[in-house]
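Note that the chains are named A, B, C and D in the order they appear, and that numbering of residues resets to 1 at the start of each chain.
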């Protein structure tokens, strides 16, 4: 019985260190993990540079081993310390954590397949969990909320953008043909997206006068309608900010007047003292 | 007489399925149509890719036949089921529907002319009608209204943009001449639009120091004045949102007037005291 | 005496036609002038296209004669019909009008110098005067006012942009050297402006890793700080719109309450009838 | 004793001229300094143009000597005239001032090293100090404040942008491989930043259909999410503007409290009745 309780206690303490960030140990754990994640992503990037890989192949190999070992231990600890391991294993971060270690094992045994490479870059997603310690998560939530509220409007906008690109792309394919590189409709639509979003790579560019005229109209359209998502999001931010601007939620105990300024001590309607909050 | 009524009944039911989306049958019809439209547009796109066309020419031919047949039947049903067929035939969507089938017949009999290709892409416009079923149409209306309200300001802005491009384009033609590819004024104006809208293909670029200086001024101008349409549209969205901000939802108990200011104690329309909320 | 009065009368009528747009004759004059200006600018553009010039040299020559003659007559009439000709001649539009005719005469006598070409494009500026007839001038004034109010903020912003470009440009010149085309500092600054404003021609592009890293920082900076002019102008538009939103300036004759809704007939504070405005 | 006082007086007068801009002498000093800074930066730029350097090497040499001498004298005077020279020497502007002269001396004695070149461009930073004379500093402060307030939100946004670029960059490296120039992950991430920020150099561009599809999604994302920083900053500007919008300028006759709501009849601070305006 006592053994049980000690074991549970040990698990609870481990859970606090790994999943929470309130204790000093929890903070140190999170920061250490953050550093290891960033190092591992940097290694994945550097490994892809041929010159570096040729020179430091052995070092990359051993560094990968060490990081995979750390992540494996962490993954096992996470499963042990939580009450319902299944809930963790099949959660978004559980899968990301698994994908952070599995590809390395596979590549050790099967030889480094290219696709496994990409999956290792997903380790960067783990950064998001660690960042829960930071005060930025509140800001991030407010950003997400504003974006969520304007989702419907933004989808309508993006749909209109796609329609414009499909129709203009077909037109450009007919007008320019092979000469400017508009050799098929999907490629022309790709060019329209490049142009409307004002990216403009220049690998494909119209050469006929009519094609250039249509391109001009498309560019000015793209330049003008960028105002639409901006207007939507800005208005959403304003709404969120303006909801309770400067005034608080207290009611006057005498006349029940609302919307008092934050610094108000007396009701502006009847002159009676407001309750201290 | 009875036969007549049954026929009218049959027409009314058909009308409900085809033109409305309130009944289950109507919804299924709309979704099926949406899928066929998207497939037909995808086919038009894929047909334009030479490699695919060479390999699957027969398949494209038969798919086009089937889709054209479906659209033809649908077009005939639309004409039959409506009370005033002329109003439909000459409406925007009536013409789009006709253009969705006609080019196929023409190309079957005349050989696939290129222009007919483009017209078939207009089928995508039909998507807009089907989308009336979605809740996004309300959002889309509000977007359109905000754009309509700011139309005059945006036209003035676009006109200023065109003037800037014409004058700078002429200047660039004189300064750069043939060297940078600024071989005539319309081309230079095209380049100015590419630059001012921050697209920047790079197929034409200034090479003289003075030309580059003017290009810099033009780019900074373009970068700065994008604020103008954005400001216009955002302010329009804010107005739409703020229209009923300082007013509440209470109705006057005497004259039923709405939109009273939050601090109003008497109705601004008839002068009677408002109920305390 | 009578002769004098008739002459003055004739001048006044002419003045009304040329300078005002209230009478039918004035409107017709303005629209005709607008058409001629647009044609003349179109001709200047087409003349610069070598293929067109080679083929239609004679037609261009005569069209230019006719337009110059019309503009000359108009210019003389403008001087005759106004009371203080000097005020007109040295005004902005007076100089633009003179520059619309003079270059043609000079090129007839001296041979078509290139610079004269450009000056003829200034004819487009005349369009602005004619547009006074349109309702868009009001919108244009409000746009200009919003821009004027935010002038100081925008200048500070542009100054910061220039400083960033000069310092980053010097850095890029040192890092990239000749390889990427960053052969001197002014050119590197030009590239920085191209990049910061998100134009991105691609005629010059960094090739060293460090140069690409600095370019990335510069691009993200440019992408982020475009929010600043937009924020400035939008907030200015909001201020202009919000100044008298929905409420009018009438005071209640009894309790002197202000900020009544536009449709209010009774004071919302004391319930007494408001004066009709 | 008297000698001391005169010396202190002389120092105080010098301090006023150099550090303040209230007296005519101070203004003249600041404007002269501004002109010299701009000339010196222009010289640094022109020196980097090979053609100019070859032709005017001697002139550049002497101009550099003169400017360095002036800056040296100014630097010494700044140290002499201030009470606590250490505070100045180790301040931001103190270091910038030192870096404006030191590199020239080093290059005179050691031969013109390239890095010294760059440091001389930092002279431009001195412009900011001189600009304290202008009224723009107020605007600049308000801009900085709005940016500071939205710092947390903007950092979250930029962090999200970097994550998107890292993951998309890894994907593009795998999909495109060497063909389109996506030869390693850091380079692919660089390309993603170029694309997401809508710069689009075009030196690297996807060539496979899947790569182009992902590029399209990335571009539309970049085009859409530019609304986020804009919304943040605009809403911040609005807040700054709106802080005192619903409040009026009346002072409480008893406690002199300000910022009363427009509809307030009693002071919210002391509860006494406000004067009717």
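Simple rule for what comes next: a residue touches a chain if its C-beta (ideal position, glycine included) is under 8 Å from a C-beta of that chain, and two chains touch if they have at least 3 such contacts.
The shown structure was predicted, so the numbers you read here are calculated from the model rather than taken from an experiment.
*Asks:* Trace the shortest sequence of touching chains from chain B to chain D and report its length in steps.
*Replies:* 1
*Asks:* Among A-C, B-C or B-D, which pair gives essentially the same interface as A-D, with more than half of the residue-number contact pairs in common?
*Replies:* B-C
*Asks:* Compare the two sides of the chain C and chain D interface and say whether they are made mostly of the same residue numbers, over half shared, or of different ones.
*Replies:* At the contact between chain C and chain D, which are copies of one sequence, the residues are largely different (under half shared).
*Asks:* By mean C-alpha coordinates, which chain is most distant from chain A?
*Replies:* Measuring from the centre of chain A, the most distant chain centre belongs to C.
*Asks:* Report the inter-centroid distance (CA atoms only) between chain A and chain B in whole Å.
*Replies:* 30
*Asks:* Rounded to the nearest whole Å, what is the centre-to-centre distance of chain A and chain C, using the mean of the C-alpha atoms as each centre?
*Replies:* Each chain's C-alpha centroid was found; their separation is 41 Å.
*Asks:* Among all residues of chain C, which ones touch two or more of the remaining chains?
*Replies:* Residue numbers touching two or more other chains: 157, 186, 189, 198-202, 222, 226, 230-232, 234, 238, 242, 259.
*Asks:* Which residues, counting only chain B, touch chain C once they are in their complex?
*Replies:* Interface residues on the chain B side: 152-153, 155-157, 159, 163, 166-167, 170-171, 173-174, 183-186, 189, 195, 198-202, 205, 209, 212-213, 215-216, 219-220, 222-224, 226-228, 230-232, 234-235, 238-239, 242-243, 246-247, 259-261, 263-273.
*Asks:* Any idea which chain B residues touch chain D in the complex?
*Replies:* Residues 198-202, 230, 234, 263.
*Asks:* Spell out the part of chain A that touches chain D in their complex, as residue ranges.
*Replies:* 41, 44-46, 48-50, 114-115, 117-118, 121-122, 124-125, 127-128, 135-136, 139-140, 142-143, 146-147, 154, 157-158, 161, 186-187, 190, 193-194, 196-203, 222, 226, 229-234, 236-238, 241-242, 245-246, 259-261, 263-273
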